[in-house]
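In what follows, a single structure is set out as structure tokens and then discussed.
In order of appearance the chains are A, B, C and D, and numbering begins at 1 in each one.
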């Protein structure tokens, strides 16, 4: 039974990721159309046009994947065939396993079992995430190199340099979060954010660490190589960057990796800075609003609400990233490096120092 | 249990040493050195566990730091050498012969 | 009683030093002009509080502040501890009290000095070192202060270092002090060694004093040798024969420095040290006699040189040497309290004399030769009056400070049977009255011999300078009343106050009769008044006599004017042979022998390297193979060892 | 134990690939793989923090740098054995001998009690390691920061493009 529960949790996390990539694919196409005042995907339609409007769901969820997975897989001449095949899997595997440590709910007590709603409860969760994200760089660099193409190679080198650079600022911003909460465990961090500030506001991480949030979000977007940080795949310069020579299912795996990374960044931001699965003022036995107002909610419903809360926040931050991608122009490469090394890195270092002083002053307690 | 890891580490160490000896590519030599360092790290951690002491792990921490510094400086030297002499063949880099 | 208050007495001036350095570095003289005097005043307040607490303790009580263990090596354990007992409290009050007044005075005196921040930084560092010296609970800590004040003295004498003479004077002070310090250190080591032989190895002052009788019993020669070595240290710091030569030259520094360091505080360190170790000294009667003799000799010797000087500050410098001679005489004959009493009085009137001299210098734009002064009394009334008070105090006019303190010393010398030393001191008293009033009459009365241009600008000093003068003048009058003779009123208050901290010499000399004392006092006073009268006759009443006297004493005058040729003697005896030896070591030993040795080693190494360099193929793989081969051998050996 | 045998069977071929593959890119990737295996060994040996650090620092940064250098230099695969067969033979011999000896030593190592002691509370946790690091090993820890600074400065100075004469 224990094994089954664990398996179910991992599968649930996995399903969230997979479904999210599909939803994001749709949001990316229809949402960008919305932003750019276009119609967007509107060809294939279910029920032969019975509905008065076309959401493009069939296009993005069925037609696109079908097309991609049936396209011919072209491997360039003189490419390293083995590494060319391996690269997409190197890119996506670490990302898939990353999501398992992000908690999507508090413990669920059902049928005599206490189930921690987290794919894998690891007490070094943050280190695990950093380790896995640092692995993702190999997909990019190997893919770019194995294609035996200048565009792809340049994209690969750019991408890996960018990811290695921004990893530092990202890791340091996480250090200040870790200092604040005093743990590396995501579930504990999420739980700690159930307290109240001044007895009114939920004690979400973003109140404590606004600067870390900013740095982490920027660095996270740079890690996922999306606009305005999409130098490795800059269409106007490098055709499609490190996956120029990829097609069909392999290329779709690379695209999927992008979306998973978006989801991971959103998930981390949610968990570390916006209470994770916390619903403001909702506790095990219901809502306790400030001022002593109490509403009873059954335990099972509480869990449902928590999972829903997590999903809503997750989706919101995914949407925010897509919004930014379609709004901001691309940085120049020197600006990118400048931002990473000369702005974010010193800022995050200063943030760590300041946080450390505060933690020392208040004896590690969140006395606000 | 500990002996097994020690034996494995010994084999890894010998492989790393072999790499240093038989390869001419300086970067591969560098990688072989990393293999040797890792073999030693495994020894440290295994023995640390054997004795229930954490000092072995702390030393691994230092080894990691030293390795990072070593690779950064080593690669810089290799790149500069390549820029000037167009080679990374260890046999051809012998300016320091007496 | 444990308290953490005492460290602040030292830390405050030290903070002022850092502020001063900062101010000097960043060119903010205003900052130093504020912090310099402020920290010393603050230290004075802390001292007052501490002394207040001390007075609430029993007579032999003490305040202790242990900061940390400084040195811990085998039997040697030295705590960095400050301690206040009654003796220390007197010193603290003098240092911070007189120090505060002189700092205030310096505000006015150094008004036009661009480098004033550096001045105050040094001055604060000096105060801090001096306080360490008197607060120290052990000889090594005392030695920190001992060296610290020496360093500051060097820095301040050479304050205007752009003039070579000033820099040389600073070096002279440093070197003369080095000689004394070497002896001091040897004495300290010997003391530690011998204490380890007979009792508890320690350099703690209390412990030394407690173990002194034991030491004298087991190793009778040690206290004498140690006391003599420490005495050499004291002669260096306190400018006694034979190491006094640096003090007259030290007048090159700014005048407040002369007042603070070379009159009131640092030069009395030797007296303080001997009083501090009085329990050790009383175990060495022979050494005590030497101390008393050196004090008495210096007293007369310096006084004779003072009577011919033209430079007003030099007069005061020789006077200081002479007055410290009295103190040394006092502690030498076992009248430790009298020595400290005179030290305290001297701090008042000698600081006052120097400050007045400084005021005159300031008014005359640096002119200090008395042959170019005269008649200043009308233009600088406050300075003239305070100088007169100080002169009366130092000469021993009845009722004034030195009347009581000097008399106490001479009495003790006579009563303890040191008749010769007493006689020297007595004659010195006459000279004292003569030279100080000679200075007064030549400077403040009679015809003006000033440059007309300078004379037009002579003016009284601003308040910030005259108020310290007036305070010191009051102290010079009433200060002496804390040690009244014959049990009048409160009697010898200072002696009673200090007695728990000080030893009493062995051997009972009996109480002299009141008649003897009265006779001694009258005699001393008469001698002093005779000196004053003689000065008045020569320099005020009938200057025409001067020529006659001068003509009759030309030979003596030449000897005195050339200061007995002591400097020249030192040059011939020590400096020149030293230079010749150095030259021999340079040209002979260093250039030929040592250089040859070094070059020879180099040549051998070069040859050797030529042989071995063939091993370096430059190929990394070869080196790696060598390393691996070594590892194989090592591992094989390990395996063999483990198998057996 | 099963885990160990799997690790051993995977790690040794991977390590051999590192030193024997003619293409340095493959060597580097094999090295990453080997380092991953070592990290798993660390986990098996209750050194979780070290395992993650191993991945983050070694696999995530060091080897990326190496890979970078390899690609920037665009190296041709090395041709086997030209003119240093004696050294190669010596190398194989020495390495084999060393390996044998080390294995032999490990086998007879005296300080390996049969029954393992129970591990202390919190063994290998971040807090405990940090405690050791900031108390007993504080000086070396501070020195590593100096080392890293020196390395950074050295690497930058050397890799910087020369301007001027």
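As a convention for this text, a residue touches a chain if its C-beta (ideal position, glycine included) is under 8 Å from a C-beta of that chain, and two chains touch if they have at least 3 such contacts.
Owing to the predicted nature of the structure, the values given are computational and were not obtained by experimental measurement.
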>> Going by the touch criterion at the top, tell me which pair is linked by more C-beta contacts: C-D or A-D.
In response: A-D
> With chain centres defined as C-alpha means, what is the inter-centre distance between chain C and chain D in Å?
Replying inline: 67
> Which whole number of Å gives the spacing of the CA centres of chain A and chain B?
Replying inline: 35
> Whole-Å distance, chain A centre to chain D centre, using C-alpha means?
Replying inline: 30
> Which integer distance in Å separates the CA centroid of chain A from that of chain C?
Replying inline: 76
>> Among all residues of chain C, which ones touch two or more of the remaining chains?
In response: 621, 625, 628, 631
> Got the chain B residues that touch at least 2 other chains?
Replying inline: 17, 21, 24, 91
> Touching two or more other chains, which residues of chain A qualify?
Replying inline: none
>> Is the chain-to-chain touch network here best called a line, a ring, a star, complete, or other?
In response: other
> So in the complex, which bits of chain A are touching chain D?
Replying inline: 80, 83, 123-124, 127-128, 130-131, 134-135, 137-138, 141-142, 145, 153, 156-157, 160-161, 164, 167, 171, 184
> Within the complex, which stretch of chain D touches chain A?
Replying inline: 25-26, 29, 32, 48-49, 52-53, 55-56, 59-61, 64-65, 67-68, 71-72, 125-126
>> For a test of understanding, state which residues of chain C touch chain B in their complex under the given definition.
In response: 612-621, 624-625, 628, 631
> For chain D, which residues are in contact with chain C within the complex?
Replying inline: 84, 87, 90-91, 94-95, 97-98, 101-102, 104-105, 108-110
> Mind pulling up the chain D residues that touch chain B in the complex?
Replying inline: 1, 4, 7-8, 11-12, 15-16, 18-19, 24, 27-28, 31, 34-35, 38, 41-42, 45-47, 49-50, 53-54, 57-58, 61-62, 65-66, 68-70, 72-73, 75, 78, 84, 87-88, 90-92, 94-96, 98-99, 102-103, 105-107, 109, 111-113, 116-120, 123-124, 128-129, 132-133, 136-137, 140-141, 144, 147-148, 150-152, 154-156, 158-159
